[in-house]
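Two complexes come next, and they have one chain in common, chain A, joined by chain B in the first and chain C in the second.
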Partner chain A sequence: MNYKELTVRFCGIAGDGIVSSSRIISGACADAGLHVMVNDIYSAEIRGLGKSTSTIRFSGSKVYSMGDGINALVGLAQQESIDEIEDIREGGSVIYDSSSPADIPETESLASHIPPEVNGYGIPLKTLANQASGSNRGRNIVSMGALCHLYGLPKTIFINQIEKIFKRKGDKVVESNLTAFELGYEYCQNQYPLNNLFVMDKKAKPLQIISGNEAVAHGAMDCGLKFFAGYPITPATKIMEITAKELPKLNGWTIQVEDEIAAIGAVLGASFTGTRAMTATAGPGLSLMSELINLSVMAEISAVIVNVQRGGPATGLPTKVEQGDLNISLYGGAGDSPRVVMAPTCSKDCYTSIQAAFDLAEKYQTPVIFLSDLFLGQRLETDDIKRNINYKKSTRIKPTRQQLKNYQRYALTEDGVSPLIVPGEDGAFYSITGLAHNTAGNPNFESEVHLTMTQKRFRKFKSMVKDLPPVEIIGDADADIGIACWGSTYGAIFEGMQIARHNGVKTKMIKSIMIYPQDEESFKTFFASCKKIIVFEMNFQGQYAALLKSTYNIKPVEVHIPSVDPVSPAKIAAKIMEVNHELTQ
Partner chain B sequence: MKCVIIGAGIAGVTAAETIKKINQDIDVVLIGKEQYLPYNRYRLTDYLCNVIDDTQLYFTSFDFFKKNNIKYRNGEYIKSINPAEKTIKYYHNEVMGYDKLLIATGGSQHLGPILKPFSQYIQSYYTLQDILLLKKFLPDIKHCVVYGENLSNLDLLAGLCNLDKKITYIIKGEKARFPLLKEEFEQDVHYFLKNKGIQCITNDKLVNIKKEKKKFTVETLNQKIIKTDIVFAWDDSKPNISLLEGTAIHKKTGILVNQYMETSEQDIFAAGDCAEIYHPILKNYWINFGWPNAREQGEIAGKNIAGEKALYQIHETLTFHLEGKPIKARWWE
Partner chain C sequence: MNSLNKRAVLEGLERAKIKNKSKWRDILPTWCPGCGHFTALNGLYEAALDLKIPEKNFVVVSGIGCSGRFPFFIKGFGFHALHGRALPIATGIKIANPELTVIVVGGDGDGVGIGGGHFPHAVRNNLDITYILLDNSIYGLTKGQVSPTSPVGMISGTTPYGNIARPINPTTLALAYGATFVARVFSRERQDVSDLIKQALQHKGFSLIHDLSPCVEFNRLITYKSWNQVVGKFPEDYKADNRTLALQYAESKEPVYLGLFLKENIPTFNDHVKQIFKKIDSTEKS
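Here is the complex of A and B:
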């Protein structure tokens, strides 16, 4: 059979080299100009030999999601891999180790669970790995050789990648891995001479591969981030790991503090001095930060807070994705506490819109909550990100000489933005506080002043509309069904729309990185053109739908996707078809 | 009760179906070494020559196994049996228990000591994988050397003729002798070979094969040298019974069974090309080879496993009538 796209999953336990296998395959594919998306799933238990999987989808054309099902499963741990079999598509394959020295009971054997529509390939992974390196460690590389033959993938891309990845470990390691790869390839070639063929464009240019977390970190540093404070938490830690390594090279700082309250406190402190500052956390950390985010609102101190969402509430599902933090991001503060909320949909968005987040935060002196999630943050994907180094579209508005004469830190302006100087600068003296204050910044509890200042703070969000990243309308303009979604579910929903279109149902989507504020006119026009609106999101309550309903007075079909590992485009398409059926009845 | 069947050829599949027809409650596991759905082996040549397509090649479907609740484990090889523990062992060391076991592993082409060292240069012609590979290569192949006097050779020769290949057929005697066939039929074969322009090298043997680049050089006992693109060669067909090693199950060339298809070991049966059945008249054991016989033996074994009492009547002569056509009609009439 000929393939233009494949999805391969490695499954094993700690030490099986699951992640390194997928990094080699994804790197090889990206270097060969294929589009790739990689999703790793770990068990929540930190201790012990928990199960982990890494799934790699690669294709000659752009992939927007992990798709539906897998073509091949490499079961490096037999028992743990059994549950993965149900994801294999008809005609798919399972590679398993046939060189187990001990007897395996039928119930624990991976092979015994393979249905007849799926091809099982028993390969002596252990034996061949030992032959290559004298240890069991290269089983993943042996199976990669096997995969390469079974799907007719070009050998050289793997060989180059193995050399590239293991080079720093020395020639011996490179050699034993190359031998392991060859042995797997040859074994399969002899035992299973009939293979599939992966058809690819030999002229395709290499693509860059990046995770959402990496894109956020690099996007932020490229637009002038100089201070990062954080406390490690899954799935956001990677961002701090990167800034810790890279910021010092840019004369910046990363500090790991005792908890998330300290992190946001440090960020506000740094920002107060005029430094571009950011923190990154997950839901539990965001909960802890709420009070100081309120300070950021009240004192009008810029801050970028990245929330890489995971399942909640409380400690929740540390290793599963959910879009459950929209409400806390929008409303999680005492009083009338407006803040910018943004949600990128892919790695490229992560890079460009974290820069937009800084633009908004800096110019409008506001906290920006940047809602990534576990899937988006950790998945690797190829994209054509053009780096914007030293990017600074907006800066803080400084007072004029005239304004400095009687400097009012919270001066009332048309757009709500008061000119700002940092403490220590010549010519100004002011206090800042979380207490209600007057234009000078002095505490004031008069109701009229409070109303005026609240209006000022909200006014910024109206003025901001002209500076927001624009919405995009995707799909068929003449479609009756309109779709709204947010964040990382976008890719699967977009592919679901394509499946539906293939089945004769047209749809269109309003894609907006901005959750709050929004370009309301564009939304109104879009919704007015739809006979039926579907809002897809991955939470139980329908948090985005609630926002849209109250803002635009619409009555959408709400689809609350449960917290799952990547969303299924086929299920999205099925829902679209169902809605279409009702519409055409 | 759990019945395990090793070998997913016609004998094994028929037995599985028969058992399920009699008693749905018996768990049936059918294990086959080949990756594919069970197929009509005797029609492989028709498939090679594009006379039939996939739908006519397979005699089962994934649906068939689902509907009959038969667990089909394809692409899996059984390496040993432990009758004392009532278990079998897979190639990957999985151990599976059974209450009743049917061995229906068929036969395969066998190379004698002279040809064995050249096995890597010899193209076998027995399984669907062989045919699928040939479908890939054959367009580039002009000249074939065939050696061996088996029915599958005859089938192959007919197929290669259909595909207009140049053929050299090395025959041990004066004329090709096909075991089990009547002399009159052999005469027909002889004319067939002549009429089709097959170059026959008689009274000779294949003794050496060399590979140079993509070509092969074949040498005979009488020092004839033939250059060719592909070599098909085997000495005879033998039952696949290596999994019996280490057991006390009685065997000669094949697995010895009585007319109930029972082996010498309790609860273990055998059927099809791997079984040698006691011939009450000849008072000896006999491989009742061929597709229709394997099917019938599978059915009898299935009935007996499911608790009925059925007796296999050995067929005196091999008619090879399939689908209402005599063998000659399938090949060259």
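Here is the complex of A and C:
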């Protein structure tokens, strides 16, 4: 049988090498020019025997989501892997260790749970690993050899990758891993002679593999980030770890502070001096930051706040994804407190949009909340990101000599943006405050002044529309069904649209990185062209739908996907078919 | 500002004997006549003048409370932040631009109440900033409630049956957290306040000025008079170089010592950063 796409899952416990297995496979595939997406799932507790899985989907063409189901399960831990069997597609396979049946009762073994429509391949993983390296380590590499044979994958890409990854550990380690791979391959070849072939484009160029968190960190540093303050929190910590290492090389600095309040505080302080500054957190941290984000609005201090969403409320689900922080991002502040809210959909977006976030923050002297999420932040994905080094599309507007004579920090202007100098610069000085203030920046509680200054702050958001990353209309322009979604669910919904199209139902989608403000005219035109609108999002309330309904006066079909592991394109397609059925009734 | 307010303010300035007006902003202080904060303001004026700190590099960060308005009364850049959040903001400012002279001003509620969680970390980073903690043992701006430094038994709006919680001693805290310059002053001693603020600004590292700065409006218990009865000077041979000894003196109730408790010279946060930059530069070149 010929394959063009495969999804493989490794399941095991700590020490089984789950993550390293998926890194080898994903690296091998990306180097061979295949498109890859990797999703790791692990429990929130760090304990020795915690179960973890890593799923790798790879294909000759671009993958936008984790898809539905898996082709092969590699069960490195027997009992833990039993639950994963239900995800295996018909005709799929399970690779299990046949060398140690005595460890567990027959009824609890992985092999005894394999249903008839799934192929079980017993391989003495432990025995072969010991043969290769003298220890149990390397069972994952043996299973990789088996996998390589079972699906007719080119051996060389694995061999190259094993050499590449283990090189720094010395020749001996490379050698034993190569042997483990070879033993797995040979055993399988002898025991299970098959005629499968993974069809590859030999001319494909190697692809870069990157997570959303990495893309955010590098995008920010490439556009002039010089200061990062943060507090460790799953799933955002990786961003701080990257900037901590890389910023000093760029004469910038990362500080781990005592809490998220201090993190946003330090960011505002740095930004006050004219430095591009950022923090990254998750829901609980964003909650703590609310008050100082409000100060950022009131005192008009540029700031970029990345929120890698996890399940909530409170401590919630630290290792699960949810799109539940839209409301707090949009409305989480006392008073009338406008702020920019953006949501990237993929790694490439993370890179380019974080730069757009700085463009908006710097030019319009506003906080920008950048809503990534756990799935997007942690998943690995191949993408062709063009590095945009030293990118600075916008800067803060400086006052003219004339304006400096009687400098007004909050001078009223047509677009709402006041020319700005910062400490250390000549010409004038001023104080900023979270109190209501006049154009000079001095406290003032007159209602007329308050109204004028509130209008000024909101005016910036009208002026901003010309500078927003444009919306994209995706799919069939003549479709009756229009879809809106936001953030990382985009990929699965896009694939769901494709499945629906195969089944004869056309759809179109409005893709917008901008949540607030939006290019309202484009949205209005799009919605006016739809007979039926579906809004998909991964939260219970329908937070984005609520925003769209109140802004555009639409009555969409709302699909609230519960916090789950990656969204299923098949279920999205089923919903589209259902709506189409109602429409054609 | 109406004429009544202006008169009260001018009276306050007069009583504080602020003579040198060259560091004044056009905004007049909002404090009550006799407020201890005027002395600290005067001290900062004098220190800024003596040390010739350019206004463009002078940054005062404050929190909320009567002390919060400080930045508006002084020539330079000011950041009137949120309640308790001045120290993290100052941290960002100083790391981002080490050339700036950064002064944080806050009250007892701001510094050891709502912002108490930031205090140890600002200290242990040893950034080169000066923190003037104006301690009046009362929430003045909300018209008289107990603060974290109020004595046990104090009757206030929120403790009508007497304060139960024991007071915090900010001098002790700073010493325990490892501050490299710790001084306690009393707003009645104008010259000492000015001198120690100047020394604090000259110190390389985190400096605390714990200023006993009575509230003349809402605190009937902790007053100029009550402090005057207990304050005392260090023995002549006190050297301010021993943290354990400094802690003992800090905890003394009678007398309540005034002056420099400790001064220690170690590299500042930005010194370390500079070193790391240098190291990276040399490895990149090699």
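Note that the second predicted complex is superposed on the first by the 579 of 585 C-alpha atoms of A that agree within 3 Å, B and C clash if a C-alpha of one lies under 4 Å from a C-alpha of the other, contacts with A are read in each partner's own complex, and residues count from 1 in each chain.
Basically, contacts are C-beta pairs under 8 Å (C-beta built on N, C-alpha and C of every residue); 3 or more make two chains touch, one makes a residue touch a chain.
None of the values given here were measured: they were computed from a predicted structure.
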Subject >> Per-residue touch tally on chain A - higher for chain B or for chain C >> reply: C
**OP:** Using the touch definition from the top, say if A:P423 reaches chain B (first), chain C (second), both or neither.
**Re:** second
Original post:
What is the contact status of A:D83 with respect to chain B (first) and chain C (second): first, second, both, or neither?
Top reply: neither
**OP:** Have a look at where A:L268 lands relative to chain B and chain C in the superposition and call it first, second, both or neither.
**Re:** second
Subject >> chain B versus chain C as contact partner of A:W253, first or second or both or neither >> reply: second
**OP:** Once the structures are superposed on A, label A:P193 by its partner contacts, choosing first (chain B), second (chain C), both or neither.
**Re:** first
**OP:** Would you sort A:D336 into first (chain B), second (chain C), both or neither based on which partner it touches?
**Re:** neither
Original post:
Taking the superposition as given, does A:E117 touch the first partner, chain B, the second, chain C, both, or neither?
Top reply: first
Original post:
Which residues of chain C touch chain A in their complex?
Top reply: 27, 55-61, 69, 71-72, 75-82, 85, 87-97, 99-100, 117-118, 120-121, 125, 273, 276-277, 280, 284
**OP:** Within their complex, state which residues of chain A touch chain C.
**Re:** 226-227, 229, 248-249, 251, 253, 255, 257-259, 261-263, 265-275, 277, 291-292, 295, 423-426, 429-435, 442-443
Original post:
Touching chain B in the complex: which residues of chain A?
Top reply: 96-106, 109, 111-112, 114, 116-117, 119-122, 192-194
Subject >> chain A partner contacts - residues on chain B that touch it in the complex >> reply: 35, 37, 62, 65, 72-76, 89-97, 129, 132-133, 136
